[in-house]
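What follows is chain A paired twice: with chain B in the first complex and chain C in the second.
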Partner chain A sequence: MASNKTGQKKKEKSKRRGASQWAVAWRRFKRNKAGIFGLIIVMAVFFVGIFGSFFAPYPARPDPHAYDPFYDIDPITGIGDVRKPPSWMDPEEPNSWKYLFGTTPIGTDVFSDIIHGTKYTVYVGVLVTVITMALSIAVGAIAGFYGRWVDNILMRISEVFLVFPSLLLILVFVRIFTVSVGEPFLNIPIINIQIPTGLTIVIVILGLFNWASNARMIRGEFLRVRELEFIEAERALGAGNIRIIFRHILPNLMSSIIVVSSLTIAYAILLEAAVSFLGFGDANTITWGQILQENFSEMRIVWWAEVFPGIAILLTVFGFNLLGDGLSDAMNPRLRD
Partner chain B sequence: MFRYIVRRLLYMIPVFLGISIISFFVMYAAGDPLNIIRLGRPNITQETIDALKVYYGLDKPIPIQYLTWLTNLLQFNFGKSLYGGRPVNFLIGSWVWETVKLQLISILLAFAISIPIGINSAKKQYSKQDIAVTSISLFGVSMPTFWLGLILIIIFSFQLGWLPSAGAYGAPYLWWDNPVLDEIAHLILPVTVLVYVMLAQNIRLIRANMLEILRSDYILAARASGLSERKVVYKYALRNAIGPVITYLGISLGAIIAGAPMTEYVFNWPGLGRRYVDAAMRLDFPLVMGINMVITVMTLIATLIIDICYVYIDPRIRLR
Partner chain C sequence: MAETLLNIEGLKTHFFTEAGIVKAVDGISFNLKKGESLGLVGESGSGKTVTALSVLRIVPKPGKITDGKIEFNDENLLKKTEKEMQKIRGSKIAIIFQDPSSSLNPVYTVGTQLRDVIMAHQTVSKTEARKKTIEILEVVGLPDAETRMREYPHQFSGGMKQRVAIARALACEPTLLFADEPTTNLDVTIQAQVLNLLNDLKKKLGMSLVMITHDMGIIAEMTTRIVVLYAGRVCEIAETHDLFERPRHPYTEALLAAVPRLDMRKTLRVIPGNIPNLIEPPSGCRFHPRCNYAKQTCKEDIPVLEEIESGHFVACHEWQNITLKGERSH
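After this line comes the complex of A and B, so read on.
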């Protein structure tokens, strides 16, 4: 809890590197091999998500060229089995990179599908976490800071969300709100980005149902920090509630919030994959869960279309979990076992 | 003890009411329920619509409708499915058992396995075994439940052909030639999935708690007084380490049961979760609301049982 003022004073005196809270945490984080490994995975996922469409072998789904692996099979008759195993296992295609992870029953390339799905994974992870954290910080702050009956009511509500198997309600709500989606993509005119409508609805619903456990964590932290002496000092200096919450308590919780956000991203990606896999996702956006769902019924033959998207999910979530654990070790060393 | 149970029961009422309100308004989130009827019958007359409105009680104010629904619910009258028109409680009754069977076996097995592994891991902290266990369990937290099921099916059912890939029973002549063994054969894969997912969390928790407790003074005192290592660990340390794990189980039961649709969908298990996915897909509201409430009550009962177990393990709780 070294406050910024003492940090600055030290800096002025000795002219050494400013040992701010973040610099210390980064130094500690660098030594954690698992955390660095997680960071590398996460950075790779973001990289593929942003630039993936430039190096994917085949274009994304609505483009007819996405089905090119299908036309490759027999150019004369156009018939034949479109379900090709990964090319490195295929005796017909020795040492070929044509379809690294095999092709699906509709003739698309699994490898390209996974690359194009990455951006949706990033979108889901980040946006769900933003919504979840905004809600849980608001609820946690109000409950933890004001206490008494406000706290009581908010915590009872959060209990309802915790006790109830929320995936069940998420499924119904997702179905209700996506069943009549008009335009599959919304165009944002100035920055020229297409936003998938159905997926965004799924994201908002996931965010609305997942705030409870994070809110309880933040409330606990608020309760702890609220009683510390510097808050009392601040109050004696005449600071109002809003100022105390935003300028003094929240900055102190920043490290916990960052750690929890990283773990929430991991959880959100898993949850979206589950919703899509169960067939409730947006059919216009081919997320990793959607690939699993599409090929589920032909799993006996096209096992590669189930294995590789799953590995992509597993690695991404593993990366975010490692990053979260590493950040937690680096920022809250007293929590280490 | 009796008073404690009563207090816990009273405490559950607001949670139950809260969930029932959310479940009820799911139907209204979809808009006017009469539109669903209109959808299938484009030639329906206004008089019929009005008559149906009165028949279903939709002309009354929403709070009254909620109360009617709730009182019906408490009398085990869940209404009728929109598809086929069979009463919901009749439908649910045959599915509950399969889900309970699957979940109960998995939870018990997960505990039986995770306790010794967690303890051993804590006793030999940073040994090779410990590092293996902790990294495998972190992997387990990161794995999509349903995907593990898919992989197991691909390996053990499709490639090796050892175990059935779907359903809860059937084809006994294929699997081990006996109806009971057949049921066990069908249980193995889904139980493995559920246990693995629960193991990961349980081991992490037990290990963390044991580490803290094994360093405490009273364990040192117990060792100093010459008790056997076995007695120190299993009688004195475990009893304190298991508490948080049980608390965690109580909190996460909702999530565990929410995982049921995924596992049951993958293995085509004839349980509540599998049917829930179908019902939600078709927006069969009476069935969705009915299953919602049954699962809620199941979760609440399980939480109560866990709370009671907790009092036996840590008698200080009752005094608070």
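After this line comes the complex of A and C, so read on.
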């Protein structure tokens, strides 16, 4: 009898634990194979971004050892290991994994370059998204909550941002403001992370130009939630505007914000790659876009120096998109079972 | 006679829409004594809910209280700042809304929402607030409160949600509670439970209740006095049994006649026409286009609320000249 009762209680407890929106969303997400695949890619990118410098075959530039393949002179030809194809397909290097993705015309290892670039990719994705979301939540919340003329002004401003070809504007601003100084903006030696100044400026500019569409989405959500009856009930119980915005409306938008953030990260990575590829980025920071830019002129022969960084960008953006779609499916209340 | 708790005088709440000014509440006066149950009755759009929202000063935009006086414990609520009103809302005056399923925030557990209200109005520690939360949930008859307070609103049934909503409104023991059609969205057996609960709690806590509904059955059951509203104005105020026995306003008569009854063989009587457009309401008595007894004066002059017997007020030009069918001799 007693054991039966405790058993029942346990069952109730486990049922209860899984009732918050996050638990429900996670249960739904787990069933989504594409979403899980995306999550794995994203986690791998973050892992390589944080710990990559510990297992990369060659150190990051500007360390002279980054150019070691260049100095690895062949005794017969007298040429270093530049423009070497990936070793596993190089007839001269049977059964070798020496240069997994080949080497570049200036004698760096493409594989190492990609690994060292990963942390910048993570940095770009996360920081651009933080700036973008902070701006768009602020604008969207104010416009959606206060409505009327405030809404009108903010939405007209956002339209200005939407109608301009943003890549062009970004290129102009990046060219004006970016300084390619070697001095890092912030240096955290313990985990070997240096935050480059030039890239940070690019990131801030990207963040400042991307908020408009997200702000409109958040404004729409605010308009929807603001009209729900529980907001009126909270007001009737003595809640003020600030409390209603932060304690009651925003938590109801968390799922949308997370989904949009994940898609914004993907977009930010793509955008930074484009800016760097076009030669407007920070030349001292070897991001994936920068690798593409550096090796572009010899692409017909040294194709591996373009294809593999390209695949890295593609896979990462794909992963974030899959994750975003998976999250969106998992957290969409209209699909909730 | 008990003390007056709430005194509303000449309250005007207008909505400034693009189509024009909607005079949703246009000069309403009535009062409420301590411990009393008052019914606010009228068709949809007669200004019942807007009156309640006006007292709490939470009329949604573009609505605005343009005139009048709302005295609560002899203090004019319309002169208070927003900050002062926030302290009053939920702690001294509370309201229960119609739809229990949407009056709770879906992302927080029921317990958190109750604790929030308690902690917003009283200086108590988290553990004390938690204790109070369990207490109040038990008071409203939520079984196994300690477990269920950790659940989310979507895990509750409609009736249980309404109990939680009531618990939240009562958490700080308000002296005045508005119940805005609290049972409309519940099925009949739950309705009875919720109404009984409200009655019990009212007695236990000694608060005053304003019941807003168009259900005459609930009104008869729950209230001692009734205010009949029509198109933003008061038609009639009377003790409940008095109003049911001898309505003096043609609108009240029509309203009572429109209540379906089991022993009624004839077709249900309806009031012809619709509630008037409140942007350009009818001249004179607002009910005159639908009134069977309307005369020329009704179109021209606004009737004033006059006391025809002690405690029975009517706003009608013709009340002396007409005999209403509702005046049954029992």
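As a convention for this text, the second predicted complex is superposed on the first by the 295 of 337 C-alpha atoms of A that agree within 3 Å, B and C clash if a C-alpha of one lies under 4 Å from a C-alpha of the other, contacts with A are read in each partner's own complex, and residues count from 1 in each chain.
The rule we apply is simple: a contact is a pair of C-beta atoms (placed from the backbone, for glycine too) under 8 Å apart; a residue touches a chain by one contact, two chains touch by 3 or more.
In this text, all values refer to a predicted model and were calculated from it rather than measured experimentally.
Taken together through their common chain A, the two structures put chain B and chain C side by side without a clash. Rounded to the nearest 10, the angle at the Cα centre of chain A between chain B and chain C in the chain-A superposition is 90°.
Within the superposed three-chain model, A:279 lies in touch with chain B and out of touch with chain C [touch as defined at top].
Once chain A of one complex is fitted onto chain A of the other, the partner contacts of A:317 are limited to chain B, with no touch recorded for chain C. Using the contact criterion defined above for the overlaid structures, shared-chain residue A:164 touches chain B, although it does not reach chain C. Number of chain A residues touched is higher for B, counting chain B against chain C. After the two structures are overlaid on chain A, the closest C-alpha atoms of chain B and chain C sit 15 Å apart. Across the two superposed structures, the residue set of chain A contacted by chain B and also by chain C is empty. Every residue of chain A that touches chain C in the complex is listed here, in rising order: 12, 16, 19-21, 147-148, 228-230, 232-240, 247-248, 251-252, 254.
Across the complex, chain A is touched by residues 56, 58, 60-61, 82-83, 86-91, 94-95, 97, 99, 102-109, 116-117, 120-121, 147, 150-152, 154-155, 165, 168-169 of chain C. Within the complex formed with chain A, the chain B residues making contact are 14-15, 18-19, 22-23, 26, 29-30, 138-139, 141-147, 150-151, 153-154, 158, 207-208, 211-212, 251, 253-255, 257-262, 265, 276-277, 280-281, 283, 288, 291-292, 295-296, 299-300, 303. Residues of chain A that touch chain B in their complex: 156-157, 159-160, 162-169, 171-173, 175-177, 179, 213, 266, 270, 273-274, 277-280, 292, 296, 299-300, 303, 306-307, 310, 313-314, 317-318, 321-322, 325, 337.
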